[in-house]
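Below you will find the structure I want to go over with you.
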Amino acid sequence: MRLLQTQKVTKYFGGLCALKEVSFNLEQGEVMGLIGPNGAGKTTLINIISGAFHPSQGKVVYHGRDISRLKAHQINVLGIARTFQVVRIFKRLTVLENVLTAMVDRSKEGPWKLVWGSFFKRVCAFKQDPEACATAEGLLASVGLLRYRDEQAENLPYAMAKRLEIARALATRPKLLLLDEPSSGLNPAEQNEQIKIIRQINEQGVTILIIEHVMKVIMDISHRLIVLHYGEKIAEGTPKEVYSDPLVVEAYLGGEAHA
Amino acid sequence: MESLFLQQVVNGLIVGSVYSLIAVGLTMIFGVMRISNFAHGDFSMVGAYIAVFLLAWVPGWMGWVGSLLAAAAGVGLLGILVERGVFRPLLTRWTDLDQIMVSIGLFILMENLAQLFFGATPRTLSDPFGGVTVNMGLVSTSAMRLLCFAMAMVIIIVLEVYLNRARMGVAIQATAQNRTAAQLMGININLIYAVTFALGSALAGLGGVLYGTLFAIYPTMGAIPTLKAFVVTILGGMGNIRGAIFSGFILGVAETLGGTYISMEYKHAIGFVIIILVLLIIPNGLFGRSEK
Amino acid sequence: MLKVDNITVAYGKAKALHGVTLTVEQGEMVTLLGSNGAGKSTLLKTISGLLKPRQGGISFLGQQINNLPPHKIVELGVVQAPEGREVFPSLSVRDNLRMGAFTRRDEKAVARDLQFVFDLFPRLAERRDQAAGTLSGGEAQMLAIARALLADPKLLMLDEPSLGLAPLVREDIFHVVQQIYQERRVTILLVEQNAKWALGVASRAYIMENGRIVMEDLGSKLAENEHVQRAYLGY
Amino acid sequence: MTGGSKKLLWAFGAALALALPWLISDRYIQHLLVTSLIFVIFASSWNLLTGYAGQFNLGHAAFFGIGAYASALLALKLGVPPWIGLFLGGLLAAAAGFLLGIPSLRLSGPYLAITTIGFAEILRLVAMNWVQLTRGSLGLYGIPPLPGFWGLEFTSELTFYYVALAGAALALFCFRRLTRSEFGLSLQALREDEPGAESIGVDTNRFKLTVFTISAFFGGFSGALLAHYQRLISPDLLSLHETFQALTMTIIGGLGTLTGPVVGAVLLTFLSEGLRFVEDAVKIDVRLIIYGALLIVTILFMRGGIVGLWERLSAGRGRDQEEG
């Protein structure tokens, strides 16, 4: 079943064309890798799907609905969560609080309802709600962060901070997870852990779109790949197909064609 | 009617030249160091008091020009000390909030130290021309105010030449545009920071002498030049020197015209109304680049 | 000439380099290859003094430089030409070049070098009074290289000079880099993504992966190596 | 600390707060107690907005002044009972807070700071110049006191103390609830990282408007309390210095903590009075100099203020005990 579709998505920054008519489909349950050299527009594409930017032309269709004009928080509520290339965890909150914050059901509760809830809900201190805490702890356990439960997020080692960001994204109960370089800055052992975690998430039925430079990671976990180069999609297919594509080799290695 | 209008425009330009001068210092410091210094106007206050004391000692002409030099040197030196002692330690770790709040601490401190040392009584600078007015057809103004305007213009031009011609001046601009690249060119950015802060403070000090020539001098006067300089700086795009120069004149003229034709009482609100409108419509200021 | 000895570098908590060792001898052109995020630019930044290694040391001509501030390192003759996007956009081309010569006092020699780069890059000579921000990508890259040359480097480090350029412009840049190497006899450390070209011109090459040096050999040998392809494409 | 001893401490604290004015018969010190309680509310409301939600508001005095003028004018001109006026003043300030929240949707850092200052300064000029309504710089005088009931009156320092105490307790109760709930966590997420907060579904714009409104309500409420206590108010209430007062108290006490502004407000009110004796001796005004110096020192050397320092010390002690 088709979960997400981009239709000729184009993005200009000033005069600069960062993405040019990028179209692809994302099927429910798959892991799609997004690769390409620096500046190819990968993060821009994720920013557009997640609503941080709006496309200049083209649209993003999710569950048959055009979401390209929605704001980031609305898109999250619809079931698309993301992580960031440079981690954006809430540094001065504890690890548990980071996850709890994301668990609030935003589809029902606007700020004023939450204000009301501060006074009239059974549990006034969210941290003391046993049910919510149990769910959050389950999420933390699934990414191996449970022992850091009450640590300030800013004290986490980098690899753990990256995992916390994933746990936080999962806490919003997404159907589609966008991962922007989840393994950058990690050592090989940590990367292996990361692969395991991502695979587990996918096995639980979450569709994943992942940007990654660490080839081992992307080869291991993606079912399909798309390759961006200067904002254009130059290849799409299984990892094997993509890597035997001469266009891709040219984009990555720089060809002799012009020499 | 027409001559009143022209007269007010001239008055506005004179006041505006002083605003420009003070704001240029603020915008330079912001451009290079990303510091929004809420104590900037207090540097002007110190400059004004330097003039008060120097003119009491050497009256007339010499005293006035001498106090410009003394204010530039004295406030510049004060700037170096403040940069070293207060802002430098925060440079590597501050957030916008920390940095603005530390400058607010400085504002409270300087204002009240001034009260302690100089007393609360307002002072004025004596006019070395003895109140001679210059008549220029439709408009007239005192020789003193004209000299103020001329001085502000000379200082601004000298600064422009320095920033665009001198090796150090160009390095200041380069650092403002790209810190990393500046370091890779062998520019010692800590030195640039010190020079910029000293220069920016010296401009505030000079502006303070001119401001004190036009208005009364008292220990808590610093808040007004600070706020005006921020209005001008935002209007011109923060970090944009030429923007600040033009916006200074715009604010000066808008205030005097608004004071004449709209309401004297709300004269000081005009700047705020302008920037609130500008920020809501064009967040980068009138002369800001639309990059983000 | 340059010796990077087992350095470890981190951005906050993210380790970017894990025990990197590398040497450059006088008169060599050495290239450093690796995919995005492998740590190449981090290594250059550390050599230039913008980042401080957590462990290990860096020496240049026998002098320890890893504790010096960036401007001192430039004074010693280790100069980096960053990507073309890192020019001073509101300054004119000429002022950009002047900033390149910031550490030098010998006006005559600077004037000579200015003439040299204008001969090398006639396009820059034409645009000397234009603001650098108005240059095309290729021109900005040329300016970044020219600016570094004006610092009279003993060791010139080039950070991905072909990045984001159209193929024809890329050829120009490659040509100029070779010309600089031959005519100025300056030692070059070249960071590139364009492996085929870089391996063709460099005497030696290093390959980085995940913040580590994984291979080192003569350029010509690496060009034949199957593993080089792997470093990029990962099978 | 165990739950039992915590409760005991609370009970002791509450008893002390209730008994305090009876222990101290000096009316001047009672007056200081009342003032510091009003500032507890004012500083805490600024803290909710800036410390918890990260919205840098330097125009908070506007809310203080709106609350004070609104409640006073309603009582003077329309005869609205001051007890209702306290809340109406808060509500009017809340409406202004909503308005001031709008620029925060697009601006941050120095831009927001100047815009908020501008807002307060414009209102101060209105208070100065709308003489028919506000009597200008003379200020409003003869503001009716809070009417008494059940044989109680609220005109003396002693009795007003209990009104201020109740007000502060109510406000702190609300702040405690608000900050420890899902709402509070969302605010902190907004403070820590806006794109991050958006990515988990926080509608940052609506949260900003909401927190501006709530913070302004309590700012206005504290101003209204002050009006019916002093029974004389002037446009100075809207000046930058009032905002800076709240800011200094909060930072020195501990930004983004519940107790920080309480500690800061009480400490600085009494510290400055303590210094009055020094001033009488040396004949100079040193209080605000100390304020400014303390503010700088806190930011440079003591991040987290007094509360942060205390937490670090007690955490350090806890560790020592574990190890020893």
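Observations on the model:
The chains carry the letters A, B, C and D, assigned in the order they are written, with residues numbered from 1 in each.
What we mean here is this: contacts are C-beta pairs under 8 Å (C-beta built on N, C-alpha and C of every residue); 3 or more make two chains touch, one makes a residue touch a chain.
Everything quoted here is computed from the prediction, not taken from an experiment.
Taking the mean of C-alpha positions as each chain's centre, the chain lying farthest from the centre of chain D is C.
If you average the Cα atoms of chain C and of chain D, the two centres end up 55 Å apart. Between the Cα centres of chain B and chain D there is a gap of 33 Å. Centre-to-centre separation of chain B and chain C, using mean CA positions: 42 Å. Separation between the centroids of chain A and chain B, computed from CA atoms only, is 47 Å. Residues of chain A found to touch two or more other chains are absent. Counting partner chains per residue, chain C has no residue touching two or more of them.
Not a single residue in chain D touches at least two other chains. Applying the touch definition to all chain combinations yields A-C, A-D, B-C, B-D. Against chain C, in their complex, chain A makes its touches with residues 37-39, 156-158, 161, 181, 184-185, 187-188, 191, 213-216, 218-219, 230, 243, 249, 252-259.
Chain contact summary for the complex, chain C toward chain A: residues 11-16, 18, 35-38, 162-164, 167-168, 170-171, 193-197, 210-211, 229, 232-235.
Partner chain C is touched in their complex by these residues of chain B: 167, 170-171, 173-174, 177-178, 180-190. By the touch rule above, chain D contacts chain B in their complex via residues 50, 54, 56, 103, 106-111, 113-115, 117-119, 121-122, 125, 128-129, 240, 244, 247-248, 251, 284-286, 288-289, 291-296, 299-300.
Touching chain A in their complex are the following residues of chain D: 174, 177-178, 180-186, 188-189, 192-193, 195-204, 206-207, 209-211, 214, 256.
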